[in-house]
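Please read the structure below before turning to the comments.
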Amino acid sequence: MQRTFRLTISCPDGVGIVAKVGQFVSSHGGWIVEANHYADPISGWFFMRHSIKAESLPFSLEEFKQKFLPIAQEFSMEWAVTDSAENKKLVLLASKESHCLVDLLHRWHSGELKCDIPCVISNHDDLRSLVEWHGIPFFHVPVDAANKAEHFHRVSQLIAEHKADSIVLARYMQILPEDVCETYEGRIINIHHSFLPSFAGAKPYHQAAERGVKLIGATCHYVTKELDAGPIIDQDVIRISHKDTVEDMVRLGKDVEKMVLSRGVRLHLEDKVLRHGNKTIVF
Amino acid sequence: MQRTFRLTISCPDGVGIVAKVGQFVSSHGGWIVEANHYADPISGWFFMRHSIKAESLPFSLEEFKQKFLPIAQEFSMEWAVTDSAENKKLVLLASKESHCLVDLLHRWHSGELKCDIPCVISNHDDLRSLVEWHGIPFFHVPVDAANKAEHFHRVSQLIAEHKADSIVLARYMQILPEDVCETYEGRIINIHHSFLPSFAGAKPYHQAAERGVKLIGATCHYVTKELDAGPIIDQDVIRISHKDTVEDMVRLGKDVEKMVLSRGVRLHLEDKVLRHGNKTIVF
Amino acid sequence: MQRTFRLTISCPDGVGIVAKVGQFVSSHGGWIVEANHYADPISGWFFMRHSIKAESLPFSLEEFKQKFLPIAQEFSMEWAVTDSAENKKLVLLASKESHCLVDLLHRWHSGELKCDIPCVISNHDDLRSLVEWHGIPFFHVPVDAANKAEHFHRVSQLIAEHKADSIVLARYMQILPEDVCETYEGRIINIHHSFLPSFAGAKPYHQAAERGVKLIGATCHYVTKELDAGPIIDQDVIRISHKDTVEDMVRLGKDVEKMVLSRGVRLHLEDKVLRHGNKTIVF
Amino acid sequence: MQRTFRLTISCPDGVGIVAKVGQFVSSHGGWIVEANHYADPISGWFFMRHSIKAESLPFSLEEFKQKFLPIAQEFSMEWAVTDSAENKKLVLLASKESHCLVDLLHRWHSGELKCDIPCVISNHDDLRSLVEWHGIPFFHVPVDAANKAEHFHRVSQLIAEHKADSIVLARYMQILPEDVCETYEGRIINIHHSFLPSFAGAKPYHQAAERGVKLIGATCHYVTKELDAGPIIDQDVIRISHKDTVEDMVRLGKDVEKMVLSRGVRLHLEDKVLRHGNKTIVF
């Protein structure tokens, strides 16, 4: 895979943005391999992602940032540029359920997910051997009703120590405290085992069985302070029938959960998800 | 298509039901062409649908009913037997939107939906010409805030006059009064333009846009007194992206709505949907 | 819907294309509402589609073409620019089967498909009343083994007389002669009732039943001289089971056929499909 | 999960089969928890699967077989009855690709797939550590152009030594010799990385890229002597676009492959797949 610089931009829409950015890139000999634009007619906001061959540019990422700054300021851009060769550090949080964790670890191990995983943290010790087989440090931080504050303090500490860029809640089943949500805003990815906004909160498959739905789903979203209400990255569903018990739904749902979570994580790692208010633009 | 008797049964589960029914059928030379069973482990209820070649039986539908009665009583069955050669009478209610109505009328006209459509009733006159092209009487019964009672009185009258077995709300957009819901319990089919229970009530696509979901859906369900809360027959979804405005969702959603409604109507016409509480068993 | 100019470009990839086009547009005050790019790493070819607010530009479509010509020549572009306010003329060819034709006519009639339909041509008279209800001229041009040449001569004549921009084969079931395929290259859209390349040629549902597949599909493609081998615009599938006979497949397949055809036609009308060799880039 | 006896039957269709089997079961107090029937109108063949609570029957599996024999003979049945408590022995064959193997091992390890896996055999040593982590013996049996016969001799030996009931080719990439196909007829499951019958044989994703399809798929089927032509158990597809290179297809396809393979294996383990000629009835 060729090395690219990924430029992502959000700003008020207007004439000349595409041209100005395009001219900046081409004036330095930059070869654009992917370009995406979206102008939201409701909010009047403009979104853009360019992927530029790194070797076609005569300067480093740092220089890119300096040289691009005037354009960013002219159009009041929120923006970022990243180097595809620099892996993001992803800390994974899990509980007892293994399906999402195994799926992410296998995709990482086989080279499909390009990132570093400095550690896995869990409130149970069950998945230690599995994680360690992958050569990844595993931290067991127990939690109960009495030690919540302590638990989250230790978890935050571990996340910070391992210099996490982003956090993935791979069926972690705990509600993160507000300060963690704020510190890592737009960088915590959760998988909820329902097609949100249906069946937010606890035991979504039981809720689904109760209502008699004919499809069950999963939702990958950024975590915000409001439970199960953050910007949605991806969703999917699977067909069920009257024959499927809650146990069947749990089993069938696992396949949707891990597919949707891994797609969401991949999009996030490739800087393909731009957030705007409570929505996402996914290029 | 061969003529069949369709026997549907709901009763408390127990040993010997399948055998007793099977023996009844075979002792009269009946040839079972389709058989479905489902025992719900939670409710302890048993559901069954048999489709028997009419010509293999030595008696009429009426005689079938008489002869089967003792078995039905022995197992405390809720049951019915219908003749596939006798078309159900379906009264369609619509408003201004044509997509669901056109779809149902075309499926009926081309012989795909086997039923009679004695009339179409609408609170607008827009779809008259279309309906009348199909040779079906069209009744325009206007409605406004002031004449609701009068409107529904006339609608009920028309439904009764046309001896409707079942009623299909093909994007009718009015809430039926409780007495109509009761009279035609389990025989009124609605299409709601969201993946219920998400976005019940008004303007579901606006709600979906607001929440930033990545899939939109439609739900075909039996109408009960509680709005958008009746037993679900079928559901489906379609993928959308950040690029889709509410108008795009409305357009894309139409395809899901008409597909899901026509599938639900077809299942209902073939006596393949058994209701139990707020759920459906779909054979 | 706002009026836009749609600029589509195919050319050998290189540095500066995006910038040059962007600069051209912005130097005239053009407001880009949609922009899509794709650089094919295998063929080294570059594809682009810009949608520009017509009112933001100080000139007409003709002037656009003149002013853009030098850039097009510099990069050896195959290109086109169209005005969203100018409807394409679509001639529909059908046979006896009504589902695709009804679907297209309804989408046109309800304003969903923005185009003109100057006439419908069929080798059977069955669909005349339906077409004429829509206020569209219907031409019955019979065909049999003996009069093929005559049939196609008359069909070609009608297409030319009605100044068709594009032709849609809505289950026409006849193989167009090579000269028609050539004259309207990239402008004849067919729906084949299988998931190509499986089951090309006649009776695909019979072939599917024979092979025992678990999904059946439909393929919308541009017609070329080689039967069922042209560039694919869209495809989709639907699940079947052992219970589905060929007749069931025919019925279920109709829904996929009409959905896929209408999506393909819509993409074509909006100039969103670029052809390259035997493939399509669908923006 | 409750223990059940699973009775599967294929025989020429006729009156009284359902009743006779139902009566047999109920006369011994048997409680039917699942019942499926299918009468194929084309072949005139009848298929049936009953799942009966083991504890409701007063006899063992062996006695069941003896007592049922007269009925089986009366209707010329091909039949089997299995005990859900007796795990099938599944030998897995793999090559270098890990995704299908990891998926099956994880489902087995987490208790989702109820079976024994006495060993994994591979022509490469790459996956040894992974397999052995699961506590399963791993056999590396290299193969090259010169030692094919020797390779397959050793593989057959290992399969026999481990008393395999069934064999799963989890992207094994070798063509099994005819004698193995015959010995384990209806018990070898393969995953082919295309939507068969499209793109049979080698490099299906390259073939798919060449043809420009818009969906790619995978097919789980029983292995027969004819390559990629055996009875299909399950298939599925995933949407791709012009942006997806062969490498992207390989990556996206992996998800479909492992989902379809695991569904097929699960159905096989639960005796839900009946074969008839080159087709399957999947209950």
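Letters A, B, C and D mark the chains in the order given here, with residues in each chain numbered from 1 onward.
The rule is simple: a contact is a pair of C-beta atoms (placed from the backbone, for glycine too) under 8 Å apart; a residue touches a chain by one contact, two chains touch by 3 or more.
All values reported here derive from a predicted model rather than from experimental measurement.
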With centres defined as the mean of C-alpha atoms, identify the chain lying farthest from chain C.
D
Listed pair (A-B, B-C or A-C) duplicating the B-D contact set, over half by residue number
A-C
Once you find the CA centre of chain C and the CA centre of chain D, what distance in Å lies between them?
41
Rounded to the nearest Å, the gap separating the Cα centres of chain A and chain C is 37
Residues within chain B bordering two or more other chains:
41
Linking chains that touch, what shape results: line, ring, star, complete or other?
complete
Under the definition above, what is the set of chain B residues touching chain D in their complex?
15-16, 18-23, 25-27, 29-37, 39, 41, 56
Could you please specify the touching residues of chain C with respect to chain D in the complex?
38, 40-42, 195-199, 211-215, 217, 231-237, 241-243, 245, 278-282
For the complex, give me every residue of chain A touching chain D.
98-99, 102, 106, 110, 112, 129-130, 133, 251, 254-255, 259
